[in-house]
Each structure stands twice: as C-alpha cells, then as structure tokens.
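Each of the two complexes below includes subunit A, the first together with subunit B, the second together with subunit C.
Let's look at the complex of A and B:
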C-alpha cells in the first residue's frame, strides 16, 4: 500500500512537471474555453436573448477545456515516451506500463478540472449564477461520473494513438468532434437525430446531462441513475478495450520489438 | 540583371522548400487533417452554438469560418515555418548566410498564399454543395479579389509571429492563442459590431476584419464601389503588418548576429 502510494505520488509529480503543466495546457484549459464561451455569449446577445444560458456557454466552456486538455496530454503520453526513448525502459521496469499510464491519465484529468472550476467561479462570481436551486450531491456524483469517463477515454486514447505516426493528425478528428457531439456548449436535442445517436457512445454526454440537470435543480431520480449507469457502463467498455490495446503495445515492444520503428 | 535573377531564384527556392515542409506533413492525410480537421469541426460547433442561441440560418458562420481558413496558412503556417528552422537546427546557418533577407524571409509566404487560396477555393464549393450555402447572387470578380487579398494580408501577422517564435521558444503558444482569438475578434461568427467597443477597435486594427466583411458583401452580390473601401483598408492594414513583420525580423536578426547568440537569442 505504502509502495503504491509512493509510486502514485511520484508519477503524478513527474507527469505534472514534464507533461501536464505547460503553456499549451494554459491555452487549452483557459484561452480556448474563454474564446468559445465568449462567442456563445455574443451569439446569444446578437440573437436578442436577454441573458445567455450560463450552464452551456460558461460551464460548457469549462468542460471543453477539461476535454481538450485531456486529449492533448493523454494522446501524447506514450508517443512522447517513444520519441524520448523511455517507452522500452518503462516496459522493462517492474511497474507495468498500464499502471503508469493509469496514474498519468488520472493526473491529466485531475489537473484539467481547473478549467471547470474556473468556469464555475466565473459563472458564480462574475455572472452571479445562483447555485441555490442546485442539487449539490447529484452534481458532485455527476462530476465524478464524468471524470471516470474522461479517465477511461484518456487511457484508451493514449494506447490507441501509439499505433501510427498519423495519430498526430487523428487528434484533429477527436477533440472537436467529441465536443460537437457530446453537447458541451448546447443541449444534445438541437443536433440532428443521427448525430444524437452517435453521441450516445460517449460516456461524457450522459454525465454532462445529469450534471446540468443537477445544477438546474432537478432532483435525483431514476432517469439520473440510469444515465449514470449508461455512462459508467460505456466507460468500462472503453477501459476494457484499452486493456486489449495495452496488451498489443506490450507485445509490440517485448515480442516483436518494433514499436519504436512504427 | 544577374542580381535580380539571383534574388528571384532565391525567392522561389525558399518558397519551394518552405512548401515541401509545410506543416511538416508527410502524407496527404496529415495535410488534410491539419488543414480541415479543427476548422471544419469547430465551424460545425459554432453552427450549433448559433442554432442554440436562436439563429436559424447558419450562413454567416459558415462563410466566416471558410474565409478564416487562409489564416491557418498565413499565421500558423509561416510562424511554424520560421519556428521549424530553429527546431531542426537550420536557423543558425540561415542567419549566418550572406543571402539577401527579403527573398529569404518573404519567400516563406509564397506557397502559403497559394495553399490558402486553393483551400478557400475548395472549401467554398464544398460549403455550397454539402451545407447548402446560397450563392445565387454572388459577384464572382469581387469575391476573387477579396479572397486573394485575404490570403496575402494574413501573412503580416504570420511574419510578426515568426519573429516572436525566434525570440521565444513558446512563441507558438502566442500564435495558437491568436488563431483561436480570431474566432471571436474578426467577424467570423458574428458581426464585429456585436463586440464591446474596445474589442471593436482591436478588430479593426487586425488584418482580415475588413477583408472578411468585403468578401461577405461580394458573396451577397455587392459591386466594386461597395467593397473597394473595405478592400483598400484591408490592403493598408495587411501591408503595415507585413512591413512590421519584416522590420522586426531584421532587428532580431541583427541583434542575434551582434551578440553571436544566433538562434539562442
């Protein structure tokens, strides 16, 4: 237990200093969400609305910051090891790559919550968004469900992205499409039906729905529980897929020794 | 005469090498993804944000995002090209070479202008066929002039950002932030008049703001006399940025030579 805790703290420390905390993260956590939120607010004003929907424009921006930060840190984790020549060394060490990657992704997800916290603070302190009606317990549980979903997706992407050097470009087809389909900045209901159907495969979508309902004051009910269940279920499937990918990564390094040459 | 030929040759050699390392793409997929991935999906995101806000017609957002495409070349591309020289260790040799600076520096823009133009000319018909954009009243001549002007004027900021990239290893972060800020500042997703007054002043001080306004008017059938003042303003603003970009590059270059720091400045 003590050894695991030590590993956890050391890995988080290294991950924060080497990968997670950099200027690009600053862009993804704060600048991009601020711009997208501002566009949402100005569009709302231009359309003649008295006040913008803060849950979608401001807090949605925070969710987007979390997601973008995760995509650009986790997808580059194993690839950075490959580039820096540390991947084989990690695989050769007694601690499994899976365990290390799990801690790294946890660090990325945890650090990314700063974007959401900042968005909440902006909504409450600057725009006087009231949390009086919010179901805080449901909101916290929904957030945990979202974080778990993000963690599973992060571990999956880290392994998936190691397969090809084209992965740098694949990221371009992951960050925005998920934000687009999971309804970070607007309700899913405004999407065409076929897009809504695709969005149901993303665990964040379900967690986001319950988070928003909790913030807007909807009491915990069976539908909320069902959405949490769906989100956790999909997250677990994604995690299982990442285990398969993780095994393949190991085989490529240990059995065929070809990973660095891909 | 020989000097002129040498300068022209140098300009096109620089342009060709710059093009071959454009965005450091190694396959057509990489090229396609870096050119259209983020811009296309962010355009869709803004379209749905607009729909959620209450706009039923997404044409304004579609046109704005398409007209923003050359900035990817002009701003990110050029600054990335200059930054790439440093990353790959070629900058010191470039700075120490006796080659004339104007073709060396400006040559980096040539294929970015062409590439930006081609991107726009591909994206506009795609928007018409896939997204149902209405161009029934288009005035083609002025549209072409607007598009070519936009592709050239965006390079000014690219040159300035290239110099910033020479000064700071985190220059690309400023470039990326600026590229994101364009979605809000230059009338891409909503008219500039909806910005707070101080941001409107910033917007009119940036290249592309007037060019995008002019292109929108031309797409809806406006004639030369309507768009001419906007295009004139766009050219003036763009030229100012190009001159500042070139001058700042020369200043930084001289400082690096004087101190002997070269690319570690």
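Let's look at the complex of A and C:
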C-alpha cells in the first residue's frame, strides 16, 4: 500500500510536470471549454431561445473540455513515450504498464476538472447562474460518477493506444463522435432513437444526465440512482475489459515490436 | 594456460621442537603432515565467492567487494569458519594481487582444534586457489606471511608464522628448520627408522586464545626488561641462558617462568638441529621429553590428559620422544617412535589412555609431507560434488521474425527474419560484445534478452530463469540502455528522472536517496543532478542513461551502443565506467560499432550478420582466426604499383597487396607474415618518394570484422 502510494505520488508528479502543467495543456483545459460554451450559446440563441441553457452550454462546454483534454493528453502521452523511448523503459520495469496508465489517466482526469470548475465559475460569476435550486450533494456525486466513467474509459483507451500506433489515430477519431453521442451540449432526447441507443453505452452520458438534473433542482429519486448504477456498471465493465486486454496487449506489443516504433 | 577449476591439497602441520618460540624469533622444527584440507574449486565470472564447508555442512557466499565489511551476500556477519579463507582473499587484495570469484567446497581430515593447524591449512589452501585462478605465483614464504597477516588482522587470532610456513613449504620425509627471524629454512631428514605418531587427547580448550595472548605479553614484558640491561636485545632469541639467569630474579614470577621456557626451548632447538643433522634420533627424542616438561611446568600450557599421554609414551620401550604439540591446553602429542614398534605403541597408548582417563584417544601415524599444492581436478571429483554453474545469459536457437501487414483491401503480409536461430551464453561477470552491421539483429537480440520483445522461437534464460515464465523477476535483475538521447524526460532534472525510475523498480526511498548521488558521482554527473536533462549534452545524457540502468543495482546490464554520438573524451570516460562495473562483478552485454571499443572492453565477442552468429570468441582468438600476419600500411605521394608488386612477388603469396588512392595520397596495404623482408624489399623503391606514413601493425579487430562481414557476403 505504502509502495503504491509512493508510486502514485511520483507518477502524478512526473505527469503533471511533463505533460499537464505546460502552456499548451493549460490552454486546452481553459480555452477549449470557453470556446465550446460560446459556440453553445450562439447556437442556443440561433435556435430562438431567449436565454441560453446554461446547463447545456456552459457546463456542457466544461465536460467537453474534460473529454477532449483526456483524449488529447492520453494520445500525447503515449506518442511522447514512444518517441522519447520511455515506453520501453516503463514496460521493461517490474511495474506494470496498467498501473502507470491508471495513475496517468487519473492525473489527466483530475486536471480536467479544472475545465469543469472554470465552466461553473463562468456560469455563476459571469452569467449569474443561480445554484439556489441545485441539489449540491447529488451534483457532486454525479460529478464523481462522471469522473469515474472518464477514468475507466481513459484506462481502456490508453491500453488500446499502447497496443498499436494506429490505435492512437482511432482514439483521436472517436473524440467528437463520443462527445456528440454522450450529449455533452444538448439533451440526448433530441437525438434519433438509434443514436440514443448507441449513446447508452457511454457511462458519461448517464452521469451527465444526473448532473444536469441535480443542478436544475430535480430531487434525488430512484431514476437518478438507477442512472448512477448504470454509469458505474458500464464503467466497471470497461475497466474489467481493459484488465482482460492488459496481458494480451503486453504480449502483443512484445511480439510486434511496437514499443519503440514512432 | 588459464586454469578454471581444480583441487588444492593443503596439509596440516606438526611441530616437533621449538614450541612458543616462533613469536620470539626462534628456530622451529615443524613438518607438514599427511592429513590435509582438500579444496575443490571452480572459477566464477563474477565477484562472488561461494564456500561450502562440507565437514560443517555449512555454506556461505560473499562478495569480493564486501571483504572489508566481513559480511556475506545477504549482509549478515561472516561465520567464524569463513573468516579464514575470506581473510586470505582480503589480505591478497590489500597486497595488490588480483583475486577472482570462485565456488569452492572443502573438507578436511585434520582434527579441528587439535593443534595441527587446520586453520593455517585452510588459509594456505585458499591462497593457492587464488594463485591458480589469478594466474600469478608467489613463493611459499610470502604466501605464509600473507596468511599469517590475514589470521591476525582479519580473523583476530594472534599467531606466529610457523604454522602457515610449514603448511606451505613442507618437504616429504623431512622436518623443516625454519628461522622465524631471518625466514631462512632448510629441510632436515627425519631420523631413519623412526615414525611420527600423533595422539589426539580429544581435549579441546576454548580459552586458548587468551592464554596464548597472555604468554605473548609476558614474553614482551621480559624483552622490555632485558633491553634495559642489554640494549641490543631485540627479542628473547637474543637472550642467552646465562644472561637470562643473571637477572631473572627481577622478573615477576609468572614472567620469569614463561621466559625461562622460551630461552630454554631456543637453546634446545639449537642442540636438536645438531642431533638431527647427525641422524641421532635418541638424544633428539630426549629433547622432546624435556620440551614437554618445560611446557608443562614453566610455560603452563599442558593439561592432565596431555601429561598422561606423554608419561605413557615415555614408559613405552620404543618411543624415543614425546611432547605436546601446538599451542597446548589440549589437542595432541607428537611421538617419535621406532618404526618396528609403531603398531604396539598405538595399541598401548590407546588402551592405557582410556584406562587412565576414560577417554578414547585418536592415534594415528603420520609422515612428513609436501606443502600445499594444486592437484588434478579429476582426482577428487568423486569425493566432492561439482557445483553447477548458472550462466548470466543462455540462449538456444533464438529467432525473431517480424510480421507486417500492408494494404487496406488486399492485405499483404511481409515477414522479416531479424534473428535466426542464434545460441550463445554469457558467463557471470563477463563483458560480452555483440557486433554486427546495421540491421544484423543486434538490437533485436538485446531487446529479446531484456524482455522487451518476445522471441518467435527458441529459449532464453537469464541467471537460470526462463524469460517467458519469470519475466518480472528477470526485470528486477537487469538494467538496459539503448543508444542515443531517447529514454529520459527532458523537462525533469537528472535527479527527478532517477527518482521516477527508482519508483518503477520499487526501490525503498532511503535507498533511493543514498543511491542517486552515488550513481551521479560514478557517471561523472555529480553537481548536475538538479539540472534539467534537456540542457545536457549527448554524452551527459548517455551517462545519465547508464546511471538509470544501474539504479536498482542489477546484476546484468545491456548496453546498446552506449558511446554512439559521444565525443572521444566522453566515450573514454564511459568506457572507464564500464570497466569499473565489470570490476564490481556486473555482467554486461555490449553492442557497438566501434571495434577498438569492443577490443578494449570485451572478454568475448559474437559477430552477428543477417541474424546469424558468424563468429564467437575472445578478441585475441578472433584476430588469430583470420591470420597472424602483420599489416604494413604505407602512405606515399606517388608510387609505381606494378614495380612494388613485381618486387614483392619474390615472397610468393606471403605478401598480399591492396592499393587505394585519393587526391592527396596513395596507400599500399600489405598483409604478410614477413614484415621485415617486405620493408627491406620495398625500401629502395620508396626512397625517392615522400613517405607520409609507414605503419607495421598486427591485425586489429576491425580487420577481423571487415574480413568476416565481407567474406561472409562473398
């Protein structure tokens, strides 16, 4: 336990200093949510709404920023490790790559909450969005459910990206479709039924729904609990899937020699 | 020829006369006996010594680098029995003799603690083992002195030189007259028709060291006193019986008694030598009885059981002399017995001793024997089982094929065989080179060995562990670097990089804090630890790579082109570090394109081409493989090549000429076994030319490499 904690702190430290706390990443975490939020408000106005739906625009922008940041940073991490030759060193050490990727993804997700916090602050301070009706406890719990879902997806994607250079491109490719399908910036209900069905496999979608409901003042009810349950359940399935793939990926990269290929 | 294994036999010793005079610079009369320590040994390639004391059923391993600390490989204090061999190794190191790691198992038929110098036999025996494995030789006196110093300084036992000298210098059928002041010695034949019989009282005393030290102190006290009267006295050896008697009453009683024995014993030995030279056994034997009396009454080192043994021997017709031997307080008596009475004597003493004491004496005849020496290794193989050797790396039929798929609709599969059925082993402590052109399969091999790639077929074992089954265990024990600046986090400092990788290797924080500054110093980066790695030069980054690879103190290190891109000074420093690592017992597998580097560093080299090993041997043997011819390289401004060829045609095919030229210089390269004749023949032709350079040299590893690589192509 002590050893894992020590590794956790050291890995987070390296991750933050190497990959997260640089100008580019910080712009990503701050500018991207602002851009998304601005676009959301413009579209909302264009759609004829008198006042923009702050939950879907500002908060949605924050979540969008988190997701993009996670995908970008994860792909950047693996690419950098391949390019810098550190991926081989990590794989060749007695510490499992899964452990490293888990901590890295946690760091990225934790850093991503900056986007969300920024978005909340913008909503409250600039747009005078009132949290008077909000069920704060439910909102916090929903946020945790979202973060857990993002972390599980991040670990899975990192595993995939280690597997092959091609996977990195695929992961970048799915960034936008996932954002659209998970309903970051609009209600899922406006999507066609078949798309709604697809979106149900993304744990973030369920967490986002409960977050919005909590902010809009919907009381905690059985449906909320069920949505949390679905989100956590899907997240766990994704995590278990990445555990199952872990050994196979570890062997595959040692067969193909993809570790140091740039 | 370099000996890798063998058996050393190192005898015990018995002292016939001159007891407790060796530390008073007196003359002694010991003999090596036919009871001995037998040491079976095998060279290791690392810095470890593994000892098996078969009689004690105990084992111990220790590092040659930890001898100062007297600890075994696990950091525990060395057991007492291991201090004797370890002490010799330590003392040899102190004196600058090269000492290598080995496995040794040994057993002894010298009764332990019986005054027959079983510990000196062990010391001298291991001294011989080190000589044999180290390929150096020292005379028996020097060896004895080293062993004595080891026993005093390392094992903490204050002893004279006689024991080690007798064990090292014994002569069959002879006693040794050994002057402990001048170190002169000469063999003296044992009187004819006599045999030596040793009677072990089976009494062992544990306080012998303190009693021995007390007596040495008393002797020193006496010397100091007599020096006030006779300033030229240096030891009790210089004190005549008359001088002693004249002032003995001034000494404390105990000191007087003890000094009286030493002075008397020195005088007895002088007489004994005359008797022995004259072949007179009886008066010599009488002196042995007198010595025992003196040891019993004056020096007070006897005991009841020893006295009984001597009294019984004295009462036996046919026993010419008897006395306690060794430091006393128990142990053995040495008896000089007429040959024709030996059996009766043994039977008599056995029976009578048991009757008198209730103890069973261990009585055996012995012969003066040869000192410690190397015997053939096969002689004792049946007695002492051989120790299995585990290689650092063992590969069998190792292959790696990369399969790539191209195209989207019509997928095409392309297979590339990078390594094709190679087998080799690397011994522990060896620096093994893997050379070959680009794409030969070197890096693929290294990556398979370092667990980063899975072989397509074949097997790899690292320190006896299977690479597929024990991947994680192997990773804990290996370190690796790949050439170039990759493999570090540029925005972190050197220390932060090392801290991070220390975490990956689960190093305890205390150890990490201690190890990082040590390593930075080893690789010459002390003072730069806090600087960002991106500000480092290539050479500095490469050295930091090495530090990272060494962080968890791995036994096996893979260095893939470690000096690539480094300036000559940096490369030399790195080579020095690599040599130091080998000196510390690490095993290294090195790949490089620099032949001089490989020649300088590697114990053995494998040349790999297109995935096959085309040569594997020591650099010297590889050079011999292609030719023992010399190479003459001449650079001139102009040359008449046909004339040179015609001139050298006189030598037939013993001069192979090649020619090269550029704008400024013409080069002639002649490979020949007769360099002198070639130069003589060419001299008149070259006098009119301006010779820019003329070099006669042996074949280099580069010549071998080019010959093998090109030859293999052709």
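The rule we apply is simple: the second predicted complex is superposed on the first by the 240 of 262 C-alpha atoms of A that agree within 3 Å, B and C clash if a C-alpha of one lies under 4 Å from a C-alpha of the other, contacts with A are read in each partner's own complex, and residues count from 1 in each chain.
As a working rule, contacts are C-beta pairs under 8 Å (C-beta built on N, C-alpha and C of every residue); 3 or more make two chains touch, one makes a residue touch a chain.
Because the structure is predicted, anything quoted here is derived from the model rather than measured.
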item	value
Touched partner set for A:140, first subunit B, second subunit C, both or neither	neither
Touched partner set for A:84, first subunit B, second subunit C, both or neither	second
Which superposed partner A:121 touches (first subunit B, second subunit C, both, neither)	neither
Subunit B versus subunit C as contact partner of A:43, first or second or both or neither	first
Partner, of subunit C and subunit B, that touches more residues belonging to subunit A	B
Which superposed partner A:179 touches (first subunit B, second subunit C, both, neither)	first
Touching partner for A:32 - first (subunit B), second (subunit C), both, neither	first
Touching partner for A:223 - first (subunit B), second (subunit C), both, neither	neither
Overlap of subunit C and subunit B interfaces on subunit A (superposed complexes)	none
Complex contacts: residues of subunit B adjacent to subunit A	26-27, 29-30, 32-34, 37-38, 41-42, 44-46, 48-55, 170, 173, 176-177, 180-181, 183-184, 189-191, 194-195
Complex interface listing, subunit C residues touching subunit A	402-403, 444, 447, 450-454, 472, 475-476, 480, 482, 484, 486-492, 496, 499-501, 503-506, 509, 548
Footprint of subunit C on subunit A - complex, ascending	3, 6-7, 10-11, 14, 17-18, 83-86, 88-95, 100, 251, 254-257, 259-260
Residues of subunit A that touch subunit B when the two form their complex	23-24, 26-27, 31-32, 35-36, 38-40, 42-49, 52-53, 56, 165-166, 168-170, 172-173, 175-177, 179-180, 185-187, 190-191
